[in-house]
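By letter and in written order, the chains are A, B, C and D; residue numbering begins at 1 in each of them.
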Amino acid sequence: MTERPLRVGVIGVGTMGTDHADRLATRISGAELVAVADADSARAAEVAARYPGVRAIANPLDLIADDAVEAVLIASPGFAHEEQVLACLAHGKYTLCEKPLTMDSASALRLVEVERDKAGRPLVQVGFMRRFDPEYAELRRLLDDGELGRLLLVHNIHRNKTSPAWFRDSAAIVNDSLVHEVDVCRWLFGAEIETVTLLTPTPSGRAPEGLRDPQVAIFQMAGGGVATTEVFVNSQVGYEVRCEAVAELGSATIGLGQEMLVRRDNAYGGRIPDDYRERFARAYDIEVQEWARACRRGVVAGPTTWDGYAASAVCEAGVASLGTGQPVRVELADRAEILRP
Amino acid sequence: MTERPLRVGVIGVGTMGTDHADRLATRISGAELVAVADADSARAAEVAARYPGVRAIANPLDLIADDAVEAVLIASPGFAHEEQVLACLAHGKYTLCEKPLTMDSASALRLVEVERDKAGRPLVQVGFMRRFDPEYAELRRLLDDGELGRLLLVHNIHRNKTSPAWFRDSAAIVNDSLVHEVDVCRWLFGAEIETVTLLTPTPSGRAPEGLRDPQVAIFQMAGGGVATTEVFVNSQVGYEVRCEAVAELGSATIGLGQEMLVRRDNAYGGRIPDDYRERFARAYDIEVQEWARACRRGVVAGPTTWDGYAASAVCEAGVASLGTGQPVRVELADRAEILRP
Amino acid sequence: MTERPLRVGVIGVGTMGTDHADRLATRISGAELVAVADADSARAAEVAARYPGVRAIANPLDLIADDAVEAVLIASPGFAHEEQVLACLAHGKYTLCEKPLTMDSASALRLVEVERDKAGRPLVQVGFMRRFDPEYAELRRLLDDGELGRLLLVHNIHRNKTSPAWFRDSAAIVNDSLVHEVDVCRWLFGAEIETVTLLTPTPSGRAPEGLRDPQVAIFQMAGGGVATTEVFVNSQVGYEVRCEAVAELGSATIGLGQEMLVRRDNAYGGRIPDDYRERFARAYDIEVQEWARACRRGVVAGPTTWDGYAASAVCEAGVASLGTGQPVRVELADRAEILRP
Amino acid sequence: MTERPLRVGVIGVGTMGTDHADRLATRISGAELVAVADADSARAAEVAARYPGVRAIANPLDLIADDAVEAVLIASPGFAHEEQVLACLAHGKYTLCEKPLTMDSASALRLVEVERDKAGRPLVQVGFMRRFDPEYAELRRLLDDGELGRLLLVHNIHRNKTSPAWFRDSAAIVNDSLVHEVDVCRWLFGAEIETVTLLTPTPSGRAPEGLRDPQVAIFQMAGGGVATTEVFVNSQVGYEVRCEAVAELGSATIGLGQEMLVRRDNAYGGRIPDDYRERFARAYDIEVQEWARACRRGVVAGPTTWDGYAASAVCEAGVASLGTGQPVRVELADRAEILRP
């Protein structure tokens, strides 16, 4: 019997919050979903009903105060974050708050101070999830290794196929899209951004009237780094997020639809793993996860004993052919005969 | 509170079994590790001790018989599988048995019959995990969609950097390596293999004395498909597993170190996802998983309130620059000042 | 004044022969097209008329005998090759003969003997042009370098979008398509092919009635190498020719739509050139070739003095911005004003 | 007999000029090298001596004035260009002048005016050779097709492994390296550059003392386009030139070491050609070029009659195996026997 799971409550079950609720209920090891809250209590009830023993709580502040809730995931609209995070701090609850932390930097700074003074220790994590993306994490590791020397430049591409209907304000491209590259650049350089320049070419004819789209942002970093970022939320193509980091001895690019591409020493390319455990790590996780689910349903959803038998018969024929180079017939029992009910 | 987890026992805690034990104890949702058994009882005790409340059971058959064990993962040496799987069937336990199912096809066929007669329903899954690899699964889905027409040919590459010391027998290349492509081809074609031809070029000078390495296997499938497979267990390069499926209207290749590459209609390439949830699905899972672990340790291991504040201050500067094209300075509080203990 | 060009006559001006005639007349340095012959004399006249001073000769044998012709390129149908090559040998003319050399191996062997006895030295080159493809040539160089050790296996893919209407015979796939891989394998291994196996899966529904398409060929090479080749002349996709060579220390693949991809030492990738002359070698050739043609037409078809001036003005603004990080306006004369007729 | 070749003289036979001289003497069809001039007359004589009938002329102005010279390629140092181009204009000679056209924009503008007034028509082409690079040309064609809509942004990467010893001045990065992207952007957008911003991060530790390397340039184009360019002349990696053009319906990238990569409609990828003539166009050119050279040397340097014979024998064996799926032995004459002297 492994450790008792972390009891989590989710506030806000729109698209993102519902994803998080499902994640906690079905995919996260060592955690369990205990309650959900939403301004729309019917919506909260509907999502809660999907999972045995999950409660719907009308008022987000009640969820935060609830003793059965150890940790809170906040996926409510940005304007609600400040009050809810303050409540989490007051109750000493661990908090994962989707970005933005609050609606402006002044209120965000107040939260930093409250956390420092009231909680006396960090309790709140902000939802900049790219730091957890395996590709970004691998890029950061490579830079930390120091093999490529000091980081000099970062080039980002951030494109959405189309922007949502409510997305009419050029500032929203900065606050909702560019903000991810803001965090990525601070994190990769390990330095603050000193100046920002936003360039806006003549907008695409596919961008909604009045939206300055695409935009090009230039960051000058403390310590002398420079980052360029294209943000284009009506590219018509799809969702593209790429990042190229340029250091003194080479560069590395992620988001290409392939593993991290490194350029150094007159060569470009990627790694080939040493063994099957690296290559198939996810396959093993998924195999065992799917097997556990299937057992719960009382079925076998993967390769059966027949598959094991057939593979064995084929290998015997293969070994018989070894060295002769001649085709060898596989002798197999009659499946219909054997497995007939 | 979500459903009670599946209680799993692991038999055999060598490299693979230890991986599986750790997987069940820390990464699999809805399952928990309750016991481990190993011929080397000290080894079993050592692994069990890593996880709270996990028992070490000396005799694998006792683990199988234990009422606290609902499902059994068998990762013992192949020669032990037959007896252990028979015991699982006798006790009606769900079983995930690493390949090979048994040491020859005759005994494997007996297991098929015992499962049919004794258990009366499938209980045993064999560990051909490639079917669960996201790339193979995507390839299979594409073929099932039928968009590429009927599958005609499959070309496999299966290379290891070097073979283990005990790997001296050319037949082992068939039984331990090629066996994966045997299952992959049966699964992709949805048909049995009718004849097998094993070709062995002059061995590589890097292969151990007497080992026919590399080998080229030709499968003729029931229904008329053909598959070619290169197996090379001393390639000196790394672990490479690639599969190209050729159908009537195009081909698809996986294992390239990039997403599935499709060739059709005078173009080669891959998909660009529609939105961030597809691109960053794993990032969100990892973020929440890491957050839950960090909460257990009582720390915040991700972006902090300061990161949320700094991002907000940068975005305000960006919005101020919008349209002007002029650099705007980011006004940030003094971090050392604010966060000083 | 460079050396007098080689005077070449082309026999057979169908699709391929017309390409060759145009190549000789306009793209090949140190050679000139002097005559063309074709069974269809109107066709010959029409092609000849495209180039100043090129004669149309009715009878191919007359072209071969013509003193003004130093070298002959034979692009006539295969059945005509034997007689024409014999005539070239009789007249001691250098010959480039499209494949097949003749219609069967017996007659081809006779040509070998006639060349040996009559000409006393090699005069005839056969049109296996893949040896001249930059990618194949680079692959061969890499193998010759010996860095990857001895060549063990070759895997070929050879696909056409659709087969021509006259292509109804399964043997034609061998004689017209596979023949290229026959030469490629002999050339890469530096060894003859000892045995051939042709496997034919159930044909694609897109293949013409009665055509065994695709086919899989297995070559066993003298010296112990093995080669596999897929030939699929109705793949519906496009023209694909790929070749993966597997050696003792790594593999290399060409035909991917990218530079040669090498896999070795736990990495896959390609070269990044040292300098611009390698990267832009073709650009310089094309630039000067286009310039020479434009001069002949009395025009300037490339960047003009205005382009030179504008670039210079932009660089001056750039240098002014250096270090300031501030935008600098480019002062440019009024083009319409300056260049008004 | 094709048209009389263009008689070209080359001024300046340093690295670049020597390349051009060799190009004209051996690779360019319809042109011939007749004379070279260089400030170092010994150097000029040495280069001239490599090619039959090519004269060395001490004074570049004499070469320009020489009646035997129809066209002049200027590859002398930049400071000499103005006087030499003026002389070419005075003598009405076609001119290909390496960049820079002159040392500053004022003198370049004077050349524009002299060409307009004296020559009355364009005579001078400037050596921005990227417009002739097949990849850039394909990118330009794609944009001209209009399929991707209007061009919005261009992102350039321009890296050298190391900078030459004389390269100590940050302005040289602009004038010698960035100048290529200046022309590329003007050419791709079909518009002038209105403002330039040069950003200089903390230089790489591998850059020579005092050199601001790397640099990031921002161009604002007339018509509202924006271009970003990284120039890094001590990247330590190799020579990298990449260009990504972002338009309203998709983007295209060149310089990746693969064919142009296009992103549109939720997919990324490249073209697969329709037939062999596109895929192997260069192979045929090189084959015939090499054949012509070999004929001049009196040898056969490509596949021989034996290769034609052997291929034919293998195909006969392949046809015999067709349908049987059985290995068939290739019957080949004894090569040593047949070809013995």
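The working rule: contacts are C-beta pairs under 8 Å (C-beta built on N, C-alpha and C of every residue); 3 or more make two chains touch, one makes a residue touch a chain.
Not measured: the values here are computed from a predicted model.
Using the mean of the Cα atoms as each chain's centre, the chain most removed from subunit D is B.
Two chain pairs, A-C and A-B, are compared here, and A-B has more C-beta pairs in contact (counted per touch definition above). If you average the CA atoms of subunit A and of subunit C, the two centres end up 48 Å from each other. Subunit C has its Cα centroid 44 Å from the Cα centroid of subunit B. We define each chain's centre as the mean of its Cα atoms; on that basis subunit A and subunit B are separated by 20 Å. Residue positions 161, 199, 218, 220, 237-238, 240, 257, 263, 266-268, 270-274, 325, 327 of subunit C each touch two or more of the other chains.
On the side of subunit C, the complex with subunit B involves touching residues 149-150, 152-153, 155, 157, 161, 199, 201-202, 204-206, 214, 216, 218, 220-221, 223-226, 228, 230, 232, 235-238, 240, 246, 248-251, 257, 263-268, 325, 327. Contacts from subunit A toward subunit C in the complex involve residues 220, 263, 266-274, 325.
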